[in-house]
Structures are given as structure tokens and as C-alpha cells.
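One structure coming up, written as C-alpha cells, with questions to follow.
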Amino acid sequence: MKANVVVFGSLRNRLGIILTGGAALLAILLFFVVRGYAAQIAQEGQDNILGASVSSILDATVLREGTIELDFPYASLSMLSTSADDRVFYAIYEDGALLSGYDGLDVELPVSVGEAVFTSTQYDNATIRVASASRTLIGIDTPRQVSVSVAQTQDALAETLNRISRNVAVFGTGFFALATALAFWATSATIGQLSRLTTSVTRRGPQDLSPFLKPVPTEMVPLVGSLNTLMSRLDQSLKQSEDFIAEAAHRVRTPLATVRSYAEATFQRVETQENRDALRSMMRAIDESSRAAGQLLDHAMVTFRAENLEREDVEFDGLLRDLVQRMTPVADMRDVTINLESTAPAIIRGDPVLLQNAFRNLIDNALKYAPVDTSITIRVQTNPSISVDVLDQGPGFLVNEMDMLAGRFVRGGDTQGHIGSGLGLTIVQDVAMAHDGTMVLSNRSEGGACVTLQF
Amino acid sequence: MRYFAILILSFLPLFALAQEWEDQRVFGSEDAPHSMRILSSTDTSFFVPIIESFITQRPDVSVEYLVTGTADLDDLFRQSPDQFDVVISSAMDLQLKLTNDGFAQRLDGLTHPDWAQWRSSLFAFTTEPAAIVINTAAFEGLTIPSTRQDLIEVLRGNTELFQGTVGTYDVRLSGLGYLFATQDARASETFWRLLEVIGSLDAQLYCCSGEMIDDLAEGRILVAYNVLGSYALARADIEDVLTVILPSDFPTTMMRTALVSKSTSDPALAESFVSHLIRLQSQGSVENLLLPSLDAFQNTNGRSSIRLEPALMTYLDQLKRQVFIREWENAIIQNQ
Amino acid sequence: MKYLLVEDNPELAKAICSRMGLDGHQVDHADKISDAVAFAQTGEYDLILLDIMLPDGDGRSFLKQHRAEKNDTPVIVLTARSQVSDRISMLDLGADDYVTKPFDHAELQARCRAVLRRNTGTAQPTTRLGDVEFDPVGGYLNVKGTTINLRNRELRLLELLMNAKGQVFSKQKLVDRLFSYDDDVSENAVEVYVGRLRKHLEGSSVHIRTLRGLGYRLDHEG
């Protein structure tokens, strides 16, 4: 069945991918947002210190006798100590000309006096953060503009960022792992509902086309609804086709019955051998065709039921007793008696309809070949395992044919004059196999055929 | 090849002549395939055992050891960083600035305590206090000063005795002297008062600790302020003549540092030397060391009072230096 | 015996009626369920032959109704189906037996007899002839107080002869009635059964006479 289903992706995988993918996306987003935010904060921290350094230097500038003097405190640079031993550069300008410190910091100095300006630039192959600020000193003659830039490499910042990145990465990975676990759980929980539905569909017997009544989640209501609709349609169409077959059989068999009845009545009356032979052939043909049709249908039925075996406890004694009673009138016609020998109760798990059909075929066969005034014995044994023998006192099987008789449409060479389809033993064999049993054909030493079903 | 080597060797003295070295010595075999030049402010004698033990391990190396003053050393190295492989100096500020300015090679293979290194480029290998050294005999009957304040009082109380017999660094000439002076000034106002007193006594100014100790030993001066105690203690011959006092009010302790030139031709060799140096100075047995070990003065005075940090560059600032030198001159040179 | 045949096909009904009549049974025919229910309610039938497919409904619904009314007249179903499960369900619904169309009339007769034997109690209609009492349903023959259990063919032969007392049956006719057309037997086979019956009837007032060249006839003395 499964092979016929066209598979396109998997709901579980799709759900899993969407959920874990979403989680991964969120984790990555989280990583970058937190890292960016941390970078901003760390940069602000560095800027604050650089700004403080700049202003402490600016504050120390004095104009003495027309000369700029600068006695900036030790702390101006001391505060720039970092765990990564970042390099520190500074420059002091008077009206744009370098007064002291490092040349070529190459920063655009703030024109106006006020807040410190921060820029990032390259210096001596290193990325540096520069803080610059200006101050105007009023001398005797002209005002002087003093600008100070303090710069620092960003090793400590990078270290901090790396540490934060690592932590955020660990956190993000943890978040992702947790989200994935949750996704798995959610997926299994969701798919679990589907699996449960699937299981209950699979567990159903082949005849069970009743609607599903177990409660299902809202989202599955349409599915189960249409499944139920499909089931009821299937059930209906199955019933319709059953009715159709029944109707068809009725239409065909009733006229046949009419013809046969007339033929039989006429047979009683006509005297000439020629006419009698004709009527006999007619009846034989009718019987043959009706029996063949019946056996074919039975065989199809048996095949179907054997594939979808419904097991229940089957008690052989009762089943066979019913069957014997059913067959006795036919046996009586030929003064054949049917004996049922059953001592201990024999019970197997199986399909009673199939088993009954199998035994009916065996008894039918025995009746066909049993000579008048003989008996047929059905023997049920429970030791060592459950087995049923059907014995007759007829001619028995032809030894060289025994292996082939269970084949479809194979009829024994000694069956001339007997009506048969060649399906009887095939059906019996199929039923035995469906119940993990075997059918053994043998001839009795005292004469007659023996068919044994072992379970 | 050989002629080429001879040619180079014959030119070397010329180069040496062009530069006036305090000392210049080559260790190891002259035909050693590898050579290394160390530019140092530390007297050769202190480094002999270190270099020799290094050469024992690396017989294929010859080491040229060049000595000059700290300020001169800084100039020289800035001019031609490719001429030298390792730079050793007691002027922490200058060394730090060299490193900050990108002259030092990062040596990531070395492990060293954080407080004793900067940027994995500048490595401290000694802890040395600045000391007051006195001529023991001259102080007979006088209180031996244990603080700067004591010293001020002794000097004030005996102006005749100490007139012209007090020595200290000329901070204009000595990088180390400048470092000691600026750090003293940072630490306490006492420094300026002491300087005023010394100045009033017509102080003798020196370029180097060695000379000061020599003059002390010979009695030309009786007190030396901010001398490298290690130099004085190392002079076994004058043990009885001099007393080394580590001021107890506040210590000024510096660390001798080494760095590898970024322009060195053989970084691995230079690194192995620095590695050897700091291992010897921080793990070697103390008796074999001529220089104080890295941990030498930790017990009494804690770690170096001068930390390896960018703030060391503060007093190297031109404007700041001008101000400081002027104040220093105002204090010390009073009779000119 | 009085039978009710419920069959919508008039031709088949006619054929069955005529064939039943041949065996000396009286048959009423209903061609739809409504009629059948009305007939059955009179309760005067020994057996009902019921077709399953009828114009006004399923024979199974008749069966249900029939059993619900506690009517215990036995029912033999005539079915065109041969499906395994269908047979079972028919029996579940209360049919006593079934015959698949087209059927051998002898088999139908045999099944009717078996059903009647199962269903009727001891009070059965018997045929009495002189000092011989014959129970065709139970298959018993009572000759001067001795009960003899007849075998099937003996029974049918006796029934045949008793029902047409004094009438001559040719050997051929008897073969046709006793054996299936399929049993390839000679006319002499009849002699065996006639011989057996004569043995059973020995000493009674009933005799089976041989009319040479014509056949057999049942006679009764006095």
C-alpha cells in the first residue's frame, strides 16, 4: 500500500525545519543585536574615559606670559590603562599647530569649543579611537585655541567584545538547543496526533468502514471529516456493489434454476435414451457452471479474507458439528454417513468463515468420491498439535498427482464424471496457510483418501 | 665569505668610534653564525653572567653588549632601531614610550606576570629601589636618616659639613634620574623641599649611579640621593664605607625592562634571549644574580611603585618636561 | 406435506411446484413478501421455501419478521448467492437451511426432509397401511410393533410406492427418482433397494410385487 503513495517531503521535517530554522534565525539575530548593543556600550565606556582624559589635559592648560604651559596630571594618561595594555597617543595643538605629543594623529579638530568629538581612525597600523576637544585661552593680546586629542587602541575593547560575543554565542547556542528541543517536542506532539489517527485506521479490520468517533484536535477535524465521508461513500459503494453482485447472481441463477427444474422434471418423463442423455448433459452443464462460479467467488473471498485475516477463537467441535448437520442431507441421498470424532476441545485463533469454507470443501470432495453406503470420518486431534483429518472410503488420490492437486484449476485424473472446478483444494490450502497451518494429502492403508489440516 | 666577514669586522671599530659607548663588549666566538646586539643602560659587569649562561646554551651565538645612558639609548634606538636586537634600560618611561610608539616586537611565546610586562612586548626583570647612600664615616655622631624628612633635617642641621658634598642625578642628562625625580614629585611634596635643601647645599649633579658611588666611596661626596641601591650593594669593595638606606616614608622602586626591536633581523634569537633573561631573573637562584631579582623587594615595599602603564609617558611630554625641568632647576641651581 | 414457496420468478415457481407435486406435496405460491406474510400467518404450512431477492424487499426482512412473530414454521432459503459470509448471515437470521440456485431437486427434497425431521416433534403424520405404519419424515417403518429405521434410499423408494399405491413404476423411473442423474447406475441397482424393503416388510400385509417387463407395484392384502 505504502509504495503507491506519492511522498512529497515530510510534515515532521517541514515543521522541524521551520521551527529550528526560526530558532536559528532568532539565535543569530539575538547574537548580533546583543553584540551590537554591547559594542556600543563598550565604545561609550572607552569614549567616556577618553573624553575625561582630554578634558583633564585641557583643564591643565594655562597661558603664562604668552606661552602655553601644560602641566597635565598623571591621571590623564593613567586612567587609560587597560587590561590589554592598549597603546595611548595624544597630541596638543595650539591654533592647529602641534605643540606636543604625537604627530599625525590626523584628526579633524573641533572648530568650536564644547563637547569632545570622537572618531575612529588608523594610526601606525592600528585602529584607534580618538577623542578631541578644544578650549580657548584668553591672553593679554589674542585668544589662543588649544586643542587636545587623546587616542587609544582598541585591544581591550576587542577583548571585551570577544568575551561578550563568546558568552552571547554560548547563550545563543543554548537558546537554539532549547528551542530545537522544544521544536522536537512540539513536532512529535503534533505528529503524535496524526500517528494516533494512522494507528487507529491501520488497526481497523478490513470490514470496518464505520466513522471515527474518537476526539481529535480542531485542525484535524477536516481531515477526519473527509476521511469519514470517504469511508461512508466507500461503505455505500461497497454495499451497492455487493447488492449489484447479488442482483446479478439472482438474475442469472434464477433462470438457470428454472431451466434446471424443468429439465429435471422433463427427465423424469422422457423415455428415449437420446433425450435423456441430452437432458443429463444440460443439467450437468448447469451444475458445472454454477459450481464453478460459486467456487470462483469463494476463492476470491478466501483470498481477500486471508490477506486481511481477522482472528477470533474458533472452536472446531462446534464448527464441524454445524457443518456435518448441514451436509448430512446430501450425504443421506447417497446413504453415506458422516462421523465426527472429537474428544478434547480444539480452539485456534482464526477466521471461522474461512475455516468453515475450507472444511466444507473437504467434506464436499469426500462426498463426491465416497461410494454409496460408506462413511466419511472427520477426526479432530489435539495432540501433539491441533489437526483435522477428513477421511473417506473412496478410491483415494493418484499417487503421482498428490503434489499438484492444490494448484489452481488442477483436477485429478480420476475425476471424470464428477463435477468440480479444481479450486476446492486450492481454497483449503490457502486457508490453512493463512492460519499458519499445512494441508497434507495422503491415501489410507485401508483404502480411501485422507486430507489432514495441521495447525 | 670570509673576506666579507673580515671586511665587516674591520668596519665595526669605525662604527664604534663614531658612537661613544660607556662600554662595549663582544661575548662568544667571533665566527659564530648568529650574532645579536644588545643596547643597554646597565653596566656590563651585571650582565656578564646572564650573557655567558646564554651563550653556553647557544654556542652558535655571539653577543655584542653596548652600554650607554638611558636618554642617549632612547635617542640612539629611535634613530636606528634595525641596528639593535634587544634593548635593556632602567628608564621605564622611555622603554614604555618606545613600546607604545611601536618599536617593540610582541613576544607572545613568553609567559610573564601581568604587572611585570606591557603588551607582551616590554618585560620587567628586576625590582630596584632608589636609595639614599651615605658615607658611613661622615655620619659618625649624626642620626642616620631613614626617611626623606630625616635627611632634610640632617642636611639642614649640618650645612657646613654637607656644603658641596650632596650628590644626585642631573635629571636633564639621566633618564633614570628624571624618572626617579618625577615619581618622587608625584608621590610627595617632601621631594621639593628636599630638593630645595640639596640645592642650597650646592649639590653635585651626576649622569650615572656608578659615578656617584665612586665619588661616595672616595669621599668626594658624603650623601647621594636617589642612587640605584643595587649598584651600591653590588660594590663589595666599599661595603664598609657606604650605607645604603631605603627611605621608609615612601619607596621609589623601578623595574629594569627589556624589549625586542621590531626591526630585529632574528626575532627568534632575540626572543630566546629575553626569555632566558626573565627566566633567570624570576626563577633562578638569587645568589647567582648580580641584579636584584624581579621579586627582590616585594616583601618590604610591595611591588614596584612605578607601574608599567601609559601614564609613564606623562612626564615625557615636552610641555610637561619643560615645566618640571624649570621647577627642578629653580630648586637645585640656586647659586648660579 | 404442505409447502409455501415464496419466489418472484413465475417460471421457476411453476417448475418447483410441478416437481414437488410429482413427489406428492402440496405447494402454495406467493410472489412477494406481503403475500408471503399473509400466507404464513395462517400457520398451515409444514415448510417455507424462501427466495431472497423479491420485488418488494429482501427475503431476509421476511425472515426477521417471521421469527419475530414466533412462527416456528421452518424456512429453507433459496439463494442465488454463494458468498461465504452470506450463507452464514442467513442462518444467523433464522433460516433452517439454504439451497443455492440452481439446485438439484433431490437435494432440496433431502434438505426439506432433514429440516422437517429436526423441527417436528413426535406427533408426526404417519401413513398407515394394514399392519404397516410408515413415518416418512422420521424415516421409520413399524411392522407389527417392530420399528425399523430406514435408510435414505429405502425411505424414498417406500415413500414413492406408498404415495401411489397400486401404481406400476418402471425400473427406469425409480432409478431417476432415487439416484442423481450423475450417479451412473444401472436399472439393476433398484433391485437392491426393492430387495431390502421386501425384507423389512416380510410377514406384513404390504408387498412389493414384480411385474415382469413393467416394473414394481405396492400391494396391500385386505
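By written order: A, B and C. Residues from 1 in each chain.
Criterion: a residue touches a chain if its C-beta (ideal position, glycine included) is under 8 Å from a C-beta of that chain, and two chains touch if they have at least 3 such contacts.
What you see is a predicted model; the values in this text were computed from it and never measured.
The most centrally placed chain, judged by C-alpha centroids, is A. In terms of the distance between Cα centroids, chain B is separated most widely from C. The centroid of the Cα atoms in chain A and the matching centroid in chain B are 82 Å apart. If each chain is reduced to the centroid of its CA atoms, chain B and chain C end up 142 Å from each other. Spacing of chain A relative to chain C, judged by their CA centroids, is 62 angstrom.
Residue positions of chain A touching 2 or more other chains: none.
Those residues of chain C that touch chain A in the shared complex are 9, 11-12, 15-16, 18-19, 22, 51-53, 78, 80-86, 88, 97, 100-107, 110-111, 113-114, 151-153, 172-173, 176-177, 180-184.
Taken together, the chain A residues at the contact with chain C in this complex read 245-247, 249-262, 264-265, 267-268, 271, 279-280, 283-284, 286-287, 290, 293-294, 297-298, 301-302, 326, 328-330, 332-335, 353-354, 356-357, 372, 417-419. Only residues 99-102, 118-120, 186, 307-314, 317-320, 322-323 of chain B touch chain A when the two sit together in their complex. Within the complex, the chain A residues that touch chain B are 68-78, 80-81, 84-89, 92, 99-101, 124-125.
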